[in-house]
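What follows is a pair of complexes built around subunit A, which joins subunit B in one and subunit C in the other.
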Partner chain A sequence: MNAPNATPEATLAVDTPPASRRRATLIVAALLALVAASFATLDLQLAAFLEPDAVGKMREFAGGFFPPEASPAFLAKLAWASLETLAMSALGTLIAMVVGLLLAILAARAPRTAGSALLRSGVRLLLNALRSIPELVWAALWVIAAGLGPFPGTLALAAHTVGVLGRLFADTLENLPAAPARALRDNGASESAVFLYATLPQATPQLMSYSLYRWENNIRAASILGVVGAGGLGQMLHFHLSLFQMREAASVIVAMLAIVAMVDALSHVARRRLTGS
Partner chain B sequence: MNSAQATVRGSAAELRDPAWKTRVTLALLALVLLWPLLVASEFRPWHLLDAQSLSASGRFLASFVPPALGAEFLALVAQAAWTTVAIATAGLALAWLGAVPLTLLGTARLSQSAVGRPMRPLPALGRQAIRWLLIFLRSVPELVWALLFVRVVGLGPTAGVLAIALTYCGMLGKVYSEVLESTDPAASDALLRNGSPRLGAFLYGALPQASTELVSYTIFRWECAVRSSVIMGFVGGGGLGQQMDMSMKMLAGGEVATMLLVFMLLVALADRASRLLRDTLA
Partner chain C sequence: MIERPRGDSHILSLRGVGKRYGPRWVLRDVAMTLAPGELVALLGESGAGKSTLLNLIAGLEAPDAGEIELAGVPVHTLDADASAGLRRSTLGFQFQAFHLIAHMSAAHNVAIPLLLNGIGQSEALARAQEVLAQVGLGERGASLPSELSGGEQQRVALARALVHRPALLLADEPTGNLDPVTADVALSLLAEQVRGRGAALLMVTHSEHAAAIADRRFRLGPDGLVPA
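So, the complex of A and B:
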C-alpha cells in the first residue's frame, strides 16, 4: 500500500494544480496511517519468526511434508476426492446455468418478456444478494442444512454462480438484436417459440462462454470449499491437517495444484482454439 | 393463440422442428453423462426435505429474523470488521514489501546484462527462478496458506496476514513485472546504456510510464484482500469470518444475519473506496 508514495510526484509533476496535489498527498498520508493502524492493532506474532531457532523450527515444519504420501490406497482415495471436486464444480455450474437462465429471463429488460418492472428489480436484487455471498460462506450455510459431504458444496457453488451467471445472462439477453424475435412474433409465433427459436440460438454462444468461464472458476473454488466440510479435496486436506498428518496433506496440496494447472492449460488451449489465433 | 397461427395449424407435420432427432440424441447423451456426476457428488436433494433436517434448517432460517442488534454484539462485530480490514491492509503491505524487490530483480526490462545483447545465462536463470517462485506463491490458494499458518502460529490474525502476504506477493510480483515489461523501452534502455544503475532506470525510465497502472492494480488487490480475509476467518484467520463461523456452529441465525449484512456493507464500502482512490490517484 506504500506504492502511492512514489506516484503523485511522478504523475502530477507536470502542470498540476496545487489543490489536487494536496489532495493526493492527503490520501497517501491517510493510506500510510491505515497501514500503521492495521499493524498497531493486530497483535501480530511476527517476532516469533525472528527468534534464533525460528529457522530450525520452520525447516522442521516444512520437512514434515516430505516425502508426500504416495501409497496406492491413499492415491486411490485422492483420485476419488479429485473426481468428487470435478463433479461438484460441473454439477454446480450446470444447476446455476439452468436456474440462472430462468432468473435472467425474468430480470432481462427485453421487449415483451415475462415480468413487470417490480418483478424485474426484485430478481436483480436477489441475484446481487446471491452473488455477494462468497462460495465458502454459502458452503458453511449449506453444511448446516444438508450435512457434511460434496452435496452442500455443489449447492454452495450453484448458489453463488446463479448470482453471477444470472446477471451476465440477463445482460446478454438485453443486448441481443431484436429483429429475429420480432419477425417470429409478427408472424404469430408463441412467446415460448420466440424464445426457443430466436432468442436462445442467438444467445447460446455467449451463454456458453460465460458458463465455461464460471466452470473454470468453480473448479478452483471446489478444491478448497471442503475445508468447511463440503467435500472434495478441501475436506481431505482439512482432515489430514487436523490430525497433523503432514505427508498426506502435502499430497492433497499437490493434487490441488495439479488440478488448477490442468484447468489453466486446458482453458489456455481452448481459448486459443476458439479465438483462432 | 391468434389467427395467423391458427391458419397454419393444419399442416402440423410441416411445422415439426427439422432438427429434433439431433436434439433428442444430444439430450439423452447429456443425461447419460450427468449420471456419474450425480453419483460422485452424492446429489440427494431429498435429504434436504426429510422431516428432521427440514425442521432443523427451518428453525435456523427463522432465527435469521430479526438480526441480532444488541449493543454488545454490535461492538463485537465492529471490532471484527476492523480486524478484517486490518488483516487485508497489513497482509497487502507485507506482500508489497516482498513484491517490489522481486519485481526489480525479475523484470527483464531492467536487466543490465541484457543491454544490447542477449541476456547472460546466469541472470536469465535467476529471473526464471523468481518467476517460478511467484507462480508457486500465487497458485497455492490463500485459504491453504492460512490453514498451514494456523498450524504454525495458532489461531488468530497472524495466520491470515501471512497467508495474504504470500499469495498476494505472487500476484503483485507477476503483474508489476508485466506492467513494467509493457512500457516503452526507449527511456529505460537509454538510461541503462549510459551506465545508470538498475534503480535509476526503474525510477526515471519505467516507473513514470507505469505508475498509474501499478497504483490502480495495487488498490484493486486491496479490495480483493478484504474479501479473502473474511473467508480466511473460517479456517481460524481471525476477524469477521471467524465470528461468523462460531455463530453458525452455535446456530445463532440472528448473529449470522447481522454479520452477513455487515460483510456485504464492508465489501461495498471497499469497492467504493477503491474506485474513489483509483480516480484520485490514477
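So, the complex of A and C:
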C-alpha cells in the first residue's frame, strides 16, 4: 500500500518489484563489462595519440587547410560539383518518392486474399532489403554497373531512399483517418477516386515532410558518395585529399557545409509549413 | 449497366435478410419495404445490427441470407463495381460523425456525389452552392469543415447526401453528435428536405425523439424487426 501523499517518483520506487531491480542491475553490470572488455581488447594507444610528435603532425595537417583555395577557376569547378551534388540528391529523392509511393500503396493495402497478403509481405521485404544496404554500398555496386559519375550516385541514393520512404509512406497511408475514404466509398466512388480525393490529399503533408527530411539526408550522403567515384563534391574531395592538396580540400569541405546548412534550413521551413507545426 | 424493372412501387424491399459474423447471427429474417417519399426510423440498442443493415442495403456488405432490392435492382447479386454504380445514382448517406473531407471546402464536399456521377466541376459546384443555400449555408460554401460548427457540418453533410437527388437517403444516427437544440433543428431540416425532394428516408437511431419525424418506426432486436 502506498502512502496517501506519496509523489509519483516515490510511488514508482516503492512499487518497483525486487525482481525488476535485480534484472536492471544485471543489465547495467553486463553493459559495463562489455565496455570494459572493448577497451581491453582494442589496441587504442591513447597515450601515443597525445604524444607531442603526434600533436605536432596533426597541427601541421590541419594548418595545411588554410587558407582555403579561392581562385576563380577552382571556385567555378567547385560550383559545378556543388550543383552536381545537389542534382544527385534531388533527383535521387524524387525517384525514391515516386517509386516509394507506388510500393507503399501495395505495402499498405489491407490483405483481403491470400494473394494480396503475399504481395504485401513481398513488397515489405523488398523495402526492408533496399534500406538495409547503405548508400555507399549501393554506390559501389552502381559504379560497377553504370560506370563513374553522378548517374550511379543518383541511383544509389534512390535505391536506399526507396526503402526508407516506401516504409514511411506505407505507415502514413495505413494510419490515415478512415472517415473521408468511407464517405467517398459509400457514395459509390471507385478505389482510384478514393485514393485521389481522400487518401492522397490527407497524406500529402506528411509524405512531403518525410521526403524533405530524406532530401536533407541525401545531400549529406551525396557529399561522400563521390569517394567511390559517384561524382559531385565527394569525388572532388577524394581527388584533392589523395594528392594532399589540402587548401583545395578545405574549399570542398566548406562548400559541403554550406550546401547542407542551406538545404537543412530550407527543408526545416518547408516541413514546418506543411505540417503546420 | 444496371437494369431496373419498371412498375415496382417500392424503392426498397428486404425479404428474409440475415447476416452473421462467424457463428453469430447479428441480423436474422429481416423483412420490410419502403415506398418512395416515405420516412422510416429504425430503432435499436447499440450492437443490434442497425448499421450492418444499412451496409447491406448499400451493398457495402453481402447478406448471408435473404434478398435486398433497391430501386428494383437485386443488390445482393451485384459485383463491387455495379454496387458502387447503384450507390452513386440512387443513394445518399448521412453519418453521425458527418465524414466531411477536411481539406475540401463545404461546397466541394457537397459537390462530391455530382462529380462522381460525371458532372463537370463548375456545374457541380453551382448546384452544390444552391443546395447549401437551401439548408441555410449559402454564405459558407468556401469554408473548410474545421471552420464550421457541429450543426453547420451536419447541414453540409445533409446537403451532400441530397445534392444528386437520390431516391433513398440512408442516415446513421444523423444527430448523434449534436446537442439537443441543434439536433431538433437538424431533424426538422432533414424531414423537410427529404419530403421536399420526394425522396425516401431510412434512419437508424437509438433516439425515440429523433424517430418521431418518421412516418413508420421499427425496432431491431433479438426477435428481428418489429413495428415500434
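Details
Keep in mind that, in the parts below, the second predicted complex is superposed on the first by the 213 of 277 C-alpha atoms of A that agree within 3 Å, B and C clash if a C-alpha of one lies under 4 Å from a C-alpha of the other, contacts with A are read in each partner's own complex, and residues count from 1 in each chain.
Throughout what follows, a residue touches a chain if its C-beta (ideal position, glycine included) is under 8 Å from a C-beta of that chain, and two chains touch if they have at least 3 such contacts.
None of the values given here were measured: they were computed from a predicted structure.
One of subunit B and subunit C touches more residues of subunit A, and that partner is B. By the touch criterion defined above, A:Pro201 lies against subunit C but remains apart from subunit B after alignment on the C-alpha atoms of chain A. By the touch criterion defined above, A:Pro180 reaches subunit C but does not reach subunit B. In the superposition on chain A, A:Ala33 makes contact with neither subunit B nor subunit C.
By the touch criterion defined above, A:Ala79 reaches neither subunit B nor subunit C. With both structures placed on the common chain, the touch criterion links A:Gly188 to subunit B and to subunit C.
Looking at subunit A, you'll find residues 187-190 touch subunit B in one structure and subunit C in the other. Taken together, the subunit A residues at the contact with subunit B in this complex read 1-4, 6-8, 10-11, 20, 23-24, 27-28, 31, 34-35, 37-39, 41-46, 48, 58, 61, 83-84, 86-88, 90-91, 94, 129, 132-134, 136-137, 140-141, 144-147, 149-151, 153-154, 187-190, 220, 223-224, 227-228, 231, 234, 237-238, 241, 244, 253, 256-257, 260-261. Residues 1-5, 34, 36-38, 40-44, 47-48, 53, 56-57, 60, 82-83, 85-87, 89-90, 92-93, 96, 139-141, 143-144, 147-148, 151-154, 156-158, 161, 203, 207-208, 211-212, 214-215, 218, 222, 227, 230-231, 234-235, 244-245, 248, 251, 256, 260, 263-264, 267, 277, 280-282 of subunit B are the ones that touch subunit A when the two sit in their complex. Partner subunit C is touched in their complex by these residues of subunit A: 179-180, 182-190, 193, 197-198, 201-202.
Of all residues in subunit C, only 58, 60, 81, 84-89, 91, 93, 95, 97, 99-104, 112-113, 116 touch subunit A in the complex they form.
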